[in-house]
Every structure is written in C-alpha cells, then in structure tokens.
C-alpha cells in the first residue's frame, strides 16, 4: 500500500501527483520529461514537495498538515537512481553492502542470491569507474535490493540491460513484491515492462498524474490511449492454471470457461495467472477455422468496433466476464462484415502469449 | 564503408574486433559487458588499441603498420556516448553547437530540423544538470548529429527514450545514412532496434567479434541464436511496393511473386522495402483457411523443422527465393503432421508487420 | 641645494623616531625631503651591498658597517659615528630597583624569562649578551632567555606581563610608559653601542653629504639627546 | 667538520620544526576540514565573517598576527590567562606556541583547497548514502570526506609546508629560543642576520629544501595511491 | 584628524598594495594555471622537481626567499643584470620588485587549489570536446578551464590575500621605501617600530582587514554567480 498526494514545483514545471498503489508493483509511466524522476525524488525525500502526504504500508513519511517529514535516512526507501549514482571511491562490494555497514540496515535479501541474480560475482572487487553501463545499473539495483527497504523505487532500472538479463530480473522483482511484501514504485517508459510487472499503473503527463488504477483497466481506457499508446493496446486475462501438459510443455489456463494453452509458463496447476494479450496478436475468424497451427480459438462476442482513420480497427470482444482486444485492418472488418453483437472466433497464437507478459498474479490484485 | 580490425586490452578483457560495414547502419550487438563501448572508444580514438587498422569510407584513421594514428579531433566521428557526457557548464544550445563554434565544423544538418526532431526547443537555454534523463540523451544525440561527422557512433542512444520518441528518431537515422551517406555504428542490446535499423550486424561476445554480416543472414544463422536470442527469431523479406491502397491505407508489397498487404508503411509505389517478420507472428495452416481477418496467406514450402526441447518448434519455409520463419508449438507440429517438403499456408497478420520493423531499404543493401 | 627627488636613507628600524625627527628638521632648514627605508640593519646592509638606491646608510651595528665598507658599498671616508646608546633592564612600572647579582636575577626569572633582542641576530642582543657576560650574570640567565626579533617586542612582552624582565636600550625604556628601568648596565660592560652613518657608493642625491653633516651636527644631537641617545662621545 | 654532517644545533632545529609542523597540522587540519565543510555546504549568518577571519592571517603581515597572538594567548592575554588557569596550558615561549602560530598561519591555506574539494563532491552521492540509511554524519564520513581527499591532502601539504617555513608570527609570538622555539626557519633567519652567516644559511636552506622535498614526494606518492584507491584516477 | 580619514601616507601604501597585489596576480595566475595543469595531467620527467620548486617559497622563511631574489634579481644579480641590460627591466627596489616578491610567495598558494580543480575535471569531457573537432588547446580553453574555475578563483583569492600581506620577502628584496615598495604590510611593520606607533599600526591593521574583507566578499559573490553560470551549483 502506498498512498501519495503531493504537489510542488521544479524549474518551470508544477508537480501534482496523487495516486494509491494497492500493493505489488505500482508503475509510473509517462513521456521523457513528464516528471517521473521528480515525483520519485519527492517520495524518497530528496526533493521537498511544497505540501502533501506520503504513506507506505501505513507508515506516514510525510504529512504537511501534521508537520511530519521523515528525513531521507529514516524513510527506508531502496532507491535505484536513473543515473546509478554509485559511490566512486568504493568497490562494487562496498557499494552493495553500504546499507549494511554504513546504514546499519540488515537486508532481508541474501547477498549471494542477489549477486547471482545480477551476475555481479566477478565484479565485486572492481571500482564503479571501470564498469560498463549495464554493469553499473545492475550494481545500483543490487545496492537497493540489499538495503532492507520498506519501499523500492526503481527509476528506469533496466534501460541499459539486454533482454536476457531483464528476463532474469523482472520475475525476481515480482517475487520480491509477493513474498517479501515490499511494494515497488517502478518508473519506465516501456509499456511492455510496465504491464508485465505492475498491479497499478499511474499515468503521468506534464507533471500531473492523469489517472491511475489497475493495469488492465488503464490499458482498456480509450481516453488514455494518447498516453499508453495505440500501438500496444492489449488486454489482461486472469485465470487459473488447470493442468500442465508435460509432453508438449504447455500450461492449460482456465479463464472462466474456455481454456488457453500457454507454452513456457513457470507455474503449477492451481496457480492464479495473468495473461497479457496484445491486440495485434489477436486475429478474428467469422467461422471457427480448421487445421491451423493456432491453438487458441475462443468464441467471443463483439462488443464494439472503433474504426478510426488509418489502416486499423480496434475490436473489443467479451468472453466469460473478461474482455479481449483485437487489432485488425479496417479492410478485414469490411471483408468479414464484422458488427457489434456478432459471435466470432478469436485466434490467439500460443506462442504470442509467452513473451514475458504472463506472470503469477500477485495475491493482492486478483481483480476478478 | 567502415573497415575495422583492431585488438587491444582493457582491464582483464582482451578485445579482438574485426568487421566491415558495407554502408548504412552497422550494429554492434552483444550482452552487457561484452565490450561494445570499448570497441567504439577505440574506433573514436578515445582508447588506444595495441594494434590494428580502422578506415571509414576509404579514409584511414588508424594503421598500426603504417604508423597512421589520427588524433581524436581529426577523426570527425560524431559520438553519442552511453553516458551522454554533456558539458555541464554550457547551455543546451552551446552544447548542441559546440562542434560549430569550438570545432570549426560546419554541420550539414540544419539546426532547427534537429531541434525539432529531438523536441529540444524549450530546453535550449537550460543547463544539462536540470535536464531529465531522456532529455539529456536527446541533447547528446543532437550534439553528435550537428557535428558534421564522417561516421556516427551511437552507444545505446535510445535507452532512456519512450517509444514515440524512438519512432521519430529511428527513421531520421535511416535517412541520415541514405541521404547524407554517413555510416552509423550503432550499439544496442535491443534486437528490435538493431534489426530495424541495420544493414550489417556485428555480434560481440566477451570482447571478440563472433560474426558479422547482413542482418537477415545473421538472424537466420542457427549457430548464433545463443547471441541473437531464440525468442526474437525472425526473417527479413525484401520487396517492392507495387501499389498503395488509399481506401484502407494498405501498401501492397511484391516479394517476388506473392503480394503482402502492409498497413502504415510510409512508402510510395516502386520503393524497395525490407520487412522484418518475427517467427512468432507467423502461423501455419495445412489448408488455406477462409473467413479470417488475417490478410496475408502465403503458400510456402517447409524447408526444415527444428524441434528442440521446450514447447516450441522453428519452421523454416521458402517462397520465391526468400525465406520465412515460423514459430509454433511442438504440439501443433504434431497435430498438423508437418514435415519438410510439405506445402502449407503461412499466415501473417498484416498488423504484425507494421511494428517499426519495416523500413525503406537502404540502397546499398538490396540483397536480392 | 634643493632637488625634486627626495633623499633616500636606509636606516635601522630601531632609529625610526629619531631619524624622522631629524629629517623634519633638515627639511625645515634645506627644503629637501628625506624618505626612509626602515628595516633590520642586516637586511639593509645586504641591500646596500646589492646596489640599493640609497643615498645614506644608517647602521645600528658597527659590524654591518664594516661589512658594507669591505664590500665598497659605502664610501669608507664618510663613515661617522653620530650617537651611542646604553643598556638597561626594565620591569613593570612599579617594579623595585634590582641589585645586579646572579641570585637576584635567578629569583626574578624563576617563573619567567628575560626578554631581550636575539643575541645572535640583533645588535641589541649582542651587546646585551656581552654585558651580561662581563658582569658574570650570563650563566644565571642564559637558560631563561626569550630572544626576540627586535627590541620592541621584548619591551611589549614586559609591558604585557609575559616576561618579568627585559634587557633593552635605554632609548627604548624611555618611550614605553608601561615599564620602568630597574637597573642600568655599566657602559664599560659591553662594547660601545655605536650608531654609524655613511654615504653609499651608489648615492645620486646632491644633498646627501649635507644630510650626513646635519646628522652629525648640533641640531640632530639635540634631538637624539631628547630621545635618550648618548651623544657625549661625539661631543 | 664534514659538510654533509648535521651539527647538533641543526638536528635540534630540524627535529623541532618537524614536531611543530606536525602538531600544527594535527590540530588545525580537522578544524580546517570542519570549517571548509561549513563554508562549502551551508549559508549561515556570519558566513562572510567566518570566511574573512579564516583569511586574516594571510592578509596581515605575520609579525602582526604574531603580535595579536601574543596579546590574546600571552600569560596576561584573555585566552592565555584562561587556558593557563583552567588547564595549565601555556603557549608563551614554548614549542606549543610555535605550533599554534604555525597552525594559525597555515589555516587559510588548508581551508581553501579543502573547501574546493567539498564543493566538487556531488551532494547527490551523500543523498544516496542517506537513502541507504546512513546518518548524516556517517554519510559525511563515508562518502563526502573520502571524496574530498584530494583537497584535504592538498590543504595538508600547503599547511605543512607553511608550518615548516613559518617565521614572522612564530618569532614574534614565542621568540627564538634554541631547542624550544627555534625552528629551521628561525635558525635560517638567525644565520642570515650575521655578516659571516652565509655558509650556515646555505646549509640550513639545503636542509629545509631536502625535508620539504621529501615531504612533497611522500605526499604525492600517497596521493597517487589514494587516488587510485578511490578510483578518481582518470589515466 | 578624523580617525576614519585616511592620511596621505596610508593612501599611498594602500594604493601601492593593491597595485602590487594585482600585478602579482595578473602575472602569476596564468603561469600558475599552466603549471597546475601540467602537474595535474602529465607525468613528465622532472615532475617532482617542478612540484618541489613551486612549494619552495612556502617552506623557506620569506626572508631567505627575499634574499635569494636579491641575489638573483638585484642590480648585480645574474638575472637582474641580464634583464636590465636586455630589456631595461629592473626589479631592484621598485614596486615591480615588490610585485615579483609577492608573486613568488603567492605562487604555491595558487598552484595547489588550481591543480586540485584540474584533477577533479573529468578528462572524458575534454575527450568529448575533441571528438567534436575541438583542437586540444580549444578543448582546454572551452571545457577544462571553465570547469576548473572554482580552483582558479580559490587560488586567486589565496594568492591575492598573500600578495597583500607579504612582508618578509618584500622587505628583504626591495627594502621599505615609501611610495615605491612600502606596502600596507611594510607600513604596518614600520609603525610597530616605535612605541608611539600603536595607533598607526591599529589603523593600518584595520585598513588591511577592510580591504581583504572587501576582496573576499567580492570574490565570493563572483564565485557564486560564476558557479550558477557554470551550473555546478548543487543547492
């Protein structure tokens, strides 16, 4: 639980940020220069808002009215800065353990575990100056993870990391939220990262929070497409793993009636999962087709068709209490004669689903 | 044309880099810590290789044997550093125009054009310290663009930028290569960016160039998947725009027989284009299906099926001298009874193609 | 003879008051302006040797005058001795008169030091040491010395109570109201304290000989006398 | 006498000089670090006055500073009286006084480079340290202080060199007592004040030069090692 | 006489002091910047010796430095004779000599802070400038030099303050000639040479303090404005 309501000013920009994260990962999403870093700095106590209230898991860090203003060192926020900000005179090891020896904080994370995760084993005795860009970023993440924080702020922590490394780190952050119950405030300009990770999405634009709420809801909101971006429109499906097909390595996920077959999902039967399905990965068929390599064919009802200018149309479909989005060409809408109310088949390539979008659903956010 | 053959040492890592870029964008791709930045520094003259030869468009910048070693300021390389490296005491404007007033270089790029592209108009009188991470990166790009370089080195220049901004900048870089004939050496850990932009892909691992060559070739090479990454296997199709369907805003692209319909392609009839098609966006059908929203159904012949462990299989298909890759589940391979030699239908959602992967093919690289 | 340029005199800093008074009188009489460069005699001697633009050199120490004479930096035949001085011991204003004996000195210096000009570097100190040796007092005080860079500071340290006793010129004792003379050292106990003046070899001012003469004349003697200098020898 | 063989008096002066300079450094350096930090990071009322006070010993002739020290720290001086009554500490005519004079004179030379280094340390790093739980004092000690080492070392070098060479304030404040306050600088001065002292002065100059040279080399080596350790070495 | 009304002699000394200090700064600062840059960025043979030479005036008592200057730059000194014959420049006993002495004494105080600032400038920025086509000299002038301004300013302040207060080397080298070489510091010394000079000394101390204070305030304001301009202000 984080509860933020602050306002202030930096340069010529007014900052007005008001949002709640109900647990798990809260993502701060916005364009370059939208004020994301500034907001995190105010929360961490590094910049002073002119007024407001900040509380994390019930602990009030700032309350302008009550005169509460915890100093930085008392806020217990693990902060991964956008610019790494490693201590140049200390070895990587001393940087990583700084909170322990200088901050008297006993991290709950195991040192070796974090080192392993971030691939820092060979760098421990080096000085930050000799590290590559990505290495520096990883050390910064490790330092924050090992500081025993009550809240983790991560400002574009994966910008310089390759996909393989990202895919190691993201599930770890997931687990951190779930197991250790540490809320994460995650800043990113990558909607993929954001939707993959977050429970709550906060949209920031020109210093103001435009809207916030559960990721699925935010992505579905038409009025926010200018911020979330048309291109990556998607839907989130919640479901439960009904069984694991070991032969073909497919997980069968019950999404409230129909089943989806998902490859490469690290889950066990009974787990609650969230599946992010990109609109552009969903095709529609007027009649259920045969002999396709596409394994997931769902019978859905067309709710609405938003046909703007440009080549695309966005089709909102419903199935068993859930919503799915399809993005097809306007030409196809016309060819197939699609209309709201029609029953069609939504085709989803199994392979498309497993793109790092599927995660164990954090318990706090079972939205169904 | 850039021609690199250098070796040297940094810390405990030996650098051995040998590659040629035949024009356009040459991408240096490798994991964090692979030595990408070090190689670019050696090319720029900021680190000294122990031996080697560097030439750009025929001009020799370094030749250990002949004793040629141009100093940094004579190499005329526009360098976008991974860490921006703006001059902290100068305004954004003075940073951008530094090459002009301090380096006596008359840039060929128009100042206003670059400012517009990068959205820097409101920042011109600010000091770097007050810029956000993304703003800083954009200024660094602008500074390099305006330096009238004979070679542009860009070290992860878009890491902190949102998609919208990326999609403004990437086509510009494209044009820069084509129109101004300035080769670009591009460092990135994002295979998407790399394949979208590059003509030549150089794979770097542990300080050594593993392989280099045309992007399509490199992505198709099975022995390099551990570097290029399994997940994003793809194929590049070369073609010519045959006509533009204005009603539905679709470009029809002739790929040597069959035609593909592509939305949102900024091209005119007659243009040569390259289409990157991700393996995971290709589905296969045993019989040509009817009534689908999927517009591109190509008749192809299965060349090979690589069915490894794990849920996936990789199908290499050929059509009209070109190759296309499909990634489907092993379960589907079995269900449909796919075998090499079979003729099947490859289904490609039109919408999937337009993901920033399609570019005007730089004239130097018409590989067909 | 008047000249636009002032006459330049390099004079020992300890002579400042006297020299300025004499210069004023000289100017009154001849309308020739005199300027001084005051510093330690040793410093000035080396400068005169190095060709300083001095017309006259006034030394508080015969040894340094010999030195510059040997270097031909002053005209040997112009050296005159125009004043001399005596040595006294001073204490704080109400201090009783002190009988000069090792025991007495010992008693006074038990808790404090004898402030005096540095016996090794400053002429006043050299004379003082010679006197103390002659009087057999040296062993009693040598361990309790506070050698000072100049006499003024020695005086000041008594005036401030840092030292109970200072050995200074009688001229100095006369001008510091906070101290009182507790003993005079006999003139015979030390080499004569002589103030010498000479024209430098590099002099350029036509009035230089006139000023040297004036310095050695009755008007100057009067002034010197009023400030506590001994001029009887010259008389 | 072998030219390269130090005489006892020279040894004494050398040892005393090192003792005085080291003591001055030891006491003044931490204070200088504190003052430099305050001046660099805070704007408090009186900022300008503190800054001016720090620089005063540089602007005033050393003799004046020495004299002011004498007034304040002498036996009867307000501070001196208090210190001697309360703690039994006395600076008058004592090597500790020489160290005090050297420390005061060296102080501005230490504060400025240290302040420059503090100003060059990015306060964001200290903020990062605090966000990791470090108390502001701990953050200062573990981050800002080590990063300011080039300035602290530079200040220490200037301060030590100055303390070794300090002359005017020392001789005025604590006199020129062999074995107690006669440092190399004072011994050297002593030698130059005698017409025949040239050889001795030359020897002492050599000794001072050699010591200073050794100290400098040592500090450079130390600085280079430290810079490598703190990773600021850009070579 | 109004206490707050400066006397002609005081005016003269004040004007001279500012002239001497400014001249010393003007000539020595560029040289100090050059030497500091060389010491900071290059390891050449003789690095240690240059470094030691720079610090020498700090370690030696000023009197010795002044004496060495007298030997070298005096009318009969090798350098002095050469300069005066070839260029007609003479340092002996005129204000340019005072400036020379002040400059030499201030030199080490300037070099160290400047060197610290140079060492703190990331050489990668200069490399970036070169990659944008700037010649190494241009890159130095447009990047490294402006970024080292805190150190240069700090060095200038220390140097100016020192030049204003320089005493020992000046009086030894160019003597204490009113209107020519009698700066405030020397005038102050002269005043202390007479017991009646206390008031004059006090006035001169005040003048020196006020000037120094004004210079400091000005430099701080200038520094703050500059720091804001170069964006290094972290507040």
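A, B, C, D and E are the chain letters, set down in written order, and residue numbers restart from 1 in every chain.
Assume a contact is a pair of C-beta atoms (placed from the backbone, for glycine too) under 8 Å apart; a residue touches a chain by one contact, two chains touch by 3 or more.
Given the structure is predicted, the values throughout are model-derived calculations rather than measurements.
Looking at chain B and chain C, the chains in contact with each of them are E.
Remark: chain A and chain E have CA centroids separated by 60 Å (rounded to whole angstrom). Mean C-alpha positions place chain C and chain D at a centre distance of 35 Å. Centroid to centroid, with C-alpha atoms defining each point, chain D and chain E lie 19 Å apart. Counting partners per residue, chain A has 130 as the residues that reach two or more other chains. The residues of chain E that reach two or more other chains are 63, 67, 124, 189, 192, 232, listed in rising order.
A complete list of chain pairs in contact reads A-B, A-D, B-E, C-D, C-E, D-E. Of all the residues in chain D, the ones that touch chain C in their complex are 63, 67, 70-71, 74-77, 92-93, 171-172, 175-177, 189-190, 192-195. Taken together, the chain D residues at the contact with chain E in this complex read 48, 51-52, 55-56, 58-64, 67, 108-109, 112-113, 115-117, 119-120, 122-124, 150-151, 154-155, 157-158, 161-162, 164-165, 167-168, 185-186, 188-189, 192, 201, 205, 208-209, 211-213, 216-217, 220, 227, 232, 234.
For chain E in complex with chain B, the touching residues are 124-125, 127-136, 138-139, 142-143, 146-147, 229-232. If you check the complex, the residues on chain A that touch chain B are 11, 31-33, 36-37, 82-83, 126, 130, 132-135, 138, 155-156, 159-165, 189-191, 229, 231-232, 245, 247-250, 261, 263-264, 280-281, 283-287, 289-295, 309-312, 326-334, 336, 347, 349-352, 354-355. Residues 44-46, 71-73, 75-79, 81, 85, 87-89, 98-99, 102-105, 127-130, 143, 147-148 of chain B touch chain E in their complex.
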